[in-house]
Every structure is written in structure tokens, then in C-alpha cells.
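All chains are identified by letter, namely A, B, C and D, in their written order; residue positions are counted from 1 within each chain.
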Amino acid sequence: MLDDTKADVLKRINFITGHLDGVRKMVEKDTYCVDVLKQTYAVRRAIEKMEAIMLDGHLRTCVVEGVKEGREQEVVAELSELYRTGR
Amino acid sequence: MLDDTKADVLKRINFITGHLDGVRKMVEKDTYCVDVLKQTYAVRRAIEKMEAIMLDGHLRTCVVEGVKEGREQEVVAELSELYRTGR
Amino acid sequence: MLDDTKADVLKRINFITGHLDGVRKMVEKDTYCVDVLKQTYAVRRAIEKMEAIMLDGHLRTCVVEGVKEGREQEVVAELSELYRTGR
Amino acid sequence: MLDDTKADVLKRINFITGHLDGVRKMVEKDTYCVDVLKQTYAVRRAIEKMEAIMLDGHLRTCVVEGVKEGREQEVVAELSELYRTGR
């Protein structure tokens, strides 16, 4: 991962962990389920955003290098699998 | 939330937080992006599973009580919104 | 399904079928894959919107009636399954 | 699109259109909403499978060629957008 991407991703993981900690407190205090669910949805969306940033970095670096170095079959197979399983 | 559901959900949140901590360490150690992404996908699936458990509890308790007490418009509107935003 | 919902859903199915027919023509004419994919995404979003309308109708009628008639276990189990499988 | 992919995709579109026609008949005959929804979910999954096939073809041809011809910024930007919007 490039340094900028890595710093951004680590910051986002810290934020997401803090968000999850807030969800844990909501559950402990018997917050209304619907309000808890809205927060877990927000956590998932934050993870998806972080994934989009990591994937973009992966495309710009490893994929482009892989194709230029003739390892295109390998990088394409990985991408196809990521696309299918990440939905 | 019923006691059983609450205990289960809290255990799952702890597990998910631990999983995210593992993802953080992978990023810090410059693990290959594709392997990191596979783990964040697993984290999201674990959150979705936890959400399904919370929603099931919500249906069995608050929704059924709400309808019996005549607050059906309110509980139905909440459910419709949860369904749309939780995809 | 209530008459209004039914009419709306049938109109949407016609629209979606027409959209899919447009996608077929794009593929036949060798349109750039990325542009075809953007249209299939739009088709899926249109189906999701139609599902949200059907589910909302189902909640307002069958679910509310089911709970009032004491068949709450059945309607709740169905809803939980719909939520899990419809993602 | 390569000839094999194109033939496969066109076959799938025909199948999906037929499936949607079945859904229309279910709605016209007032089939239970839950059963209709299970079929629209199946239609969406069939579209997602078709998208995965188109994307795989796109990666193997246009993306690899684009990178080799120095248009990597363009193809990477398109892929990132497809990944984000196709969820």
C-alpha cells in the first residue's frame, strides 16, 4: 500500500473501531434495536468506503505493475474474485 | 433486546472488534491488499449476521407488541426504512 | 397485493423488461462493456425499488393481519428470511 | 465483448427476461407477495452473475490492453467507479 493510502486506511480503521465501541455501549444500555441497527449500517458503509480506497490503490499499483510484468492472468483472476465476493 | 439476544450480540461485537484489530495489524505490516480486503469482507459479513439476529429479535418482540397495541403504522414504517437502508 | 400496489408493480415490471431489452440491444451492437454494466446496475436498482414497494405492502397488510390473527411466529419467520436472502 | 462471452450474456438476458415474465404472471394472479419477492431476488442474483461474467471479460481484454497501451489511468478510474456503483 502506498504511504498515503496506508495512513488514510489506518485512520479509518481507528474511526470504525470507535464507532463499534459506541454500538457496544448502545447495546449494553438497552438502546432501541432500530437505532442500534442504523449505527451498524453506518459501520458497514464506512468499511465499504475504506475498501473502495484500498481497491483503488491496489488497481493503481499492483494491478498495473502486474499487467506490465506479464502476470495479467493472476491479477485478473484475483480482481474477478474480489468483485464477486465483496458484494 | 431479550437477554439471550443481548448476550449473543455483545459476544459478536467483541469478536468483530478483535477481527478489525487483526485487519489493522495486517495493514501496518504491509500485507498484500487483496488479503486485507478478504478480511474486511469477512468483517462485514459478521456484522450482517449480527444485524440479522438483532432484526429477528426486534420482529419477535417490538414489532409484534407494536401491532397488538395498535402502533402498526409506526412499526411498519420503521421496518420499511430498515429494509431499504440496510442493503 | 392491494390494487394500487399491484398496478404500480406491474408498471414497473414492464419498464424493467423494456430496460433489459435495451441492454440486449447494447450487447448485440457490441457496446462498450462498462456502459452495458452501468445499465444492468440500473436494472437491479429498479428491481430493488420494486421489491421495497412490495415489501411495504406486505408489511401493511399480511404481516399486520397475521399478527392480529395470532400467526405471528409464521409471519416473523418469513420476514427474517426475506431480510437475510434479499441483500 | 469476445464472441463466447457475448453468446453467453445474450442467453442469460433471454433467460432473465423469461424469469421476469413469470414474475409478472405471478403478480397478475395475486400470488403471495413473499413468493413473488423470492423470485425477484433470484432475478437479481441472475443479473449479478451475468455482470460478473461481463466484468471478467472486460478485465481480460479491455483492461489488460488499456494498461499495455498506456491508458492505465482511464481504465483504473472506470474500474474503481464500477466497483463502487455495482454493489
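Quick note on the criterion: a residue touches a chain if its C-beta (ideal position, glycine included) is under 8 Å from a C-beta of that chain, and two chains touch if they have at least 3 such contacts.
What you see is a predicted model, and the numbers here were worked out from it, not measured in a lab.
For chain B, the chain with the farthest CA centroid is D. Counted by C-beta pairs in contact, the busier of A-B and A-D is A-B. Between the Cα centres of chain B and chain D there is a gap of 28 Å. With each centre defined as the average position of its C-alpha atoms, the distance from chain A to chain B rounds to 16 Å. If you average the Cα atoms of chain A and of chain D, the two centres end up 23 Å apart.
Taken residue by residue, chain C touches two or more other chains at 48, 55, 86, whereas all remaining positions touch fewer. Taken chain by chain, the contacts form a single closed ring in which each chain touches exactly two others. Those residues of chain C that touch chain D in the complex are listed here as 1, 6, 9-10, 13-14, 16-17, 20-21, 23-24, 27-28, 30, 32-34, 36-38, 40-41, 43-44, 47-48, 50-51, 54-55, 57-58, 62, 78, 82, 85-86.
Only residues 48, 52, 55-56, 59-60, 63-64, 67-68, 72, 76, 79-80, 83-84, 86-87 of chain C touch chain B when the two sit together in their complex.
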